[in-house]
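See the structures that follow.
One chain, chain A, appears in both complexes that follow, with chain B as partner in the first and chain C in the second.
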Partner chain A sequence: MNEILGIILAAIISWFNFVLIDTWMGLPESPGVKGAEIIGRSIQKRGGNLAGGFFQGNIVCSPDASAGTLLASIACFTIGTPEGGLIAAVLVYFGNRLCADPGYAGTTGALSITAIIYLTSFIGFKPEFFIVGMVLAILTIQGLYQTGASRLLGKLAQKMGRYTKIS
Partner chain B sequence: MLIEILGIIVIIMALRTLLAQNREERLLCLNVIGFSMSAIIGLYIQTPFGAIIAITFFVTSTLSSNAIAYSLGRVKEEIMVK
Partner chain C sequence: MIIHANVFSYFIALAAALILSLVLRLPLLPDKPMRNSWTISAVFPTAVLSVGFYAMAYELGYHGYLVALITGIITALFAKFILEKVVPRPEGEESHE
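Our next item is the complex of A and B:
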């Protein structure tokens, strides 16, 4: 498969993988760790959405599904497709507990991307496409235009019934 | 090719960090650099130990981001040197 096309498709798949799992696990609902609330309030102050801000704060402060997606892709690339993802899932679980995060978003994200990498390997996707794709996906959320991304994440949280009750 | 794309992302984010208005915005941009750096480590050291290094780097960088974000809430009344 063409490398550029593969990276773009992998970026779209990783984006949906981590955003849907994180929203489903309730990242926009409440700040799971203390630092996430400060980042969420700062984004709200700059004209963003509070639920989207909590989502972004939780990504920064603890390894969640985005970290699980990236680290499982790296481990699949260097160790091997199913077993690398499982090792990454265990290490992400330890990382969650080190950050005092009670959730399972990181582990779920790592396991789901391992299944996706395994299934898409039959149609020519390589794990390295997912490594670069995930960095591009996190760039669209946190790098380029944070307040706009937070509003989009807030709308998605509202649709999935995970909007924050804190105001 | 893959490492070059990641390198360009790191440079863009480094410039974006310099232009950021406040510390919270800067922390989010630094998180993207953390993602890119661990991806570069994984792609450059193509051995199983490379993956362990990348994962350890990433988890410890989120741990320090966690500590920084927590302490940012406490230094709001800090006097800035102009």
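Our next item is the complex of A and C:
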């Protein structure tokens, strides 16, 4: 498969993988730690959405599905599929618990991207596409236009019934 | 891409961890709502840890059904007796969530 096309498709797949899992696991509902709350409030002050801000704060403060997706891609690249992804899931779980997070989102993200990497390998995708793709996916959430991304994440949280009750 | 690991070994590690953790009276699933639960259960994280630990053993050069069985047993014992001490739940977590 063409490398550029592969990276773009991998970025789209990774984006949906981590955003849907993180929202489903309730990242927009409440900040897990104080730092996530500060980030959420700061984004709200700058015209963003509070639930989306909590989502963005939570993925900065603990390894959620975003980190799980990235680490599992890296581990599949360096160690192999599926061993790398399974090892990454364990490491992400311990990382989660150390960061005051029960660990569901990170572990699920790592396992789901391992399955995706395995399945897409049959049509020519390589784990390295997902490493670059995931970096690009996180860039769209945290780097390009944070307040706009928070509004999108807030809408998604509302649709999935995970909107924050905190005001 | 070639999957060179023995899939049955993963199943053995998974099954051993699940069965032993249920025998050790760990709940099958975390409390509801699951996404906020800190309960250590048979499915999460014991089953996930068992396949991860077997993958580590496999990559270190220890293969086979017996290794998978031992990994599953050790994981269940680890989840029951040690995990909470290594990575305890944060203080006041229940009221915070």
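As a working rule, the second predicted complex is superposed on the first by the 166 of 167 C-alpha atoms of A that agree within 3 Å, B and C clash if a C-alpha of one lies under 4 Å from a C-alpha of the other, contacts with A are read in each partner's own complex, and residues count from 1 in each chain.
To be clear about the criterion, a contact is a pair of C-beta atoms (placed from the backbone, for glycine too) under 8 Å apart; a residue touches a chain by one contact, two chains touch by 3 or more.
Fair warning: this is a prediction, and the values are worked out from it, not measured in the lab.
Student: Do chain B and chain C fit side by side on chain A in the superposed arrangement, or is it a clash?
Tutor: With chain A as the common anchor, chain B and chain C both fit in the superposed model.
Student: May I ask you to decide whether A:Gly143 touches chain B, chain C, both, or neither, giving the answer as first, second, both or neither?
Tutor: After superposition on chain A, A:Gly143 lies in contact with chain B alone.
Student: If we overlay the two complexes on their shared chain A, which of chain B and chain C does A:Glu3 touch? Say first, second, both or neither.
Tutor: first
Student: Should A:Gly26 be classified as contacting the first partner (chain B), the second (chain C), both, or neither?
Tutor: Only chain C; A:Gly26 stays clear of chain B.
Student: Check whether A:Ala89 is in contact with chain B, with chain C, with both or with neither, and answer first, second, both or neither.
Tutor: second
Student: If we overlay the two complexes on their shared chain A, which of chain B and chain C does A:Leu98 touch? Say first, second, both or neither.
Tutor: Both partners.
Student: Look at A:Ile79 in the shared chain and tell me whether it touches chain B only, chain C only, both, or neither; answer first, second, both or neither.
Tutor: After superposing on A, A:Ile79 lies in contact with both chain B and chain C.
Student: Once both structures sit on chain A, report the angle chain B, chain A, chain C from C-alpha centres, rounded to the nearest 10 degrees.
Tutor: It is 110 degrees after superposition, to the nearest 10.
Student: With the two complexes superposed on chain A, say which partner A:Val135 touches: chain B (first), chain C (second), both, or neither.
Tutor: first
Student: Examine A:Leu70 and indicate which partner it touches, taking first as chain B and second as chain C; both and neither are also allowed.
Tutor: Touch partner of A:Leu70: chain B, not chain C.
Student: Between chain B and chain C, which makes contact with more of the residues in chain A?
Tutor: Per-residue touch count on chain A favours B.
Student: After the two structures are laid over each other on chain A, how near do the C-alpha atoms of chain B and chain C get, in Å?
Tutor: The answer is 9 Å, the least C-alpha separation in the overlay.
Student: Same chain A residues contacting chain B and chain C, which ones?
Tutor: Residues 79, 84, 87, 91, 94, 98, which sit in both footprints.
Student: With touch defined as at the start, can you tell me which chain A residues reach chain B in the complex?
Tutor: Touching chain B: residues 3, 7, 33-39, 42-43, 46, 56-57, 59-63, 66-67, 70-71, 74-75, 77-79, 84, 87-88, 91-92, 94-95, 98-99, 128, 131-132, 134-136, 138-139, 142-143, 146 of chain A.
Student: If we count contacts the way the header does, which residues on chain C are in touch with chain A in the complex?
Tutor: On the chain C side, the touching residues are 1, 3-5, 30, 33-38, 44-45, 48-49, 51-56, 58-59, 86-87, 89-90, 93, 97.
Student: Across the complex, what residues on chain A touch chain C?
Tutor: Counting only chain A, the residues touching chain C are 24-26, 30, 79-84, 86-87, 89-91, 93-94, 97-98, 100, 102-105, 107, 111, 118, 121-122.
Student: Report the residues of chain B in contact with chain A in the complex, numbered from low to high.
Tutor: 1-2, 5-6, 9, 12-13, 16, 21-22, 24-25, 27-29, 31-32, 35-36, 38-39, 42-43, 45-48, 50-52, 54-56, 58-59, 62-63, 65-70, 72-73
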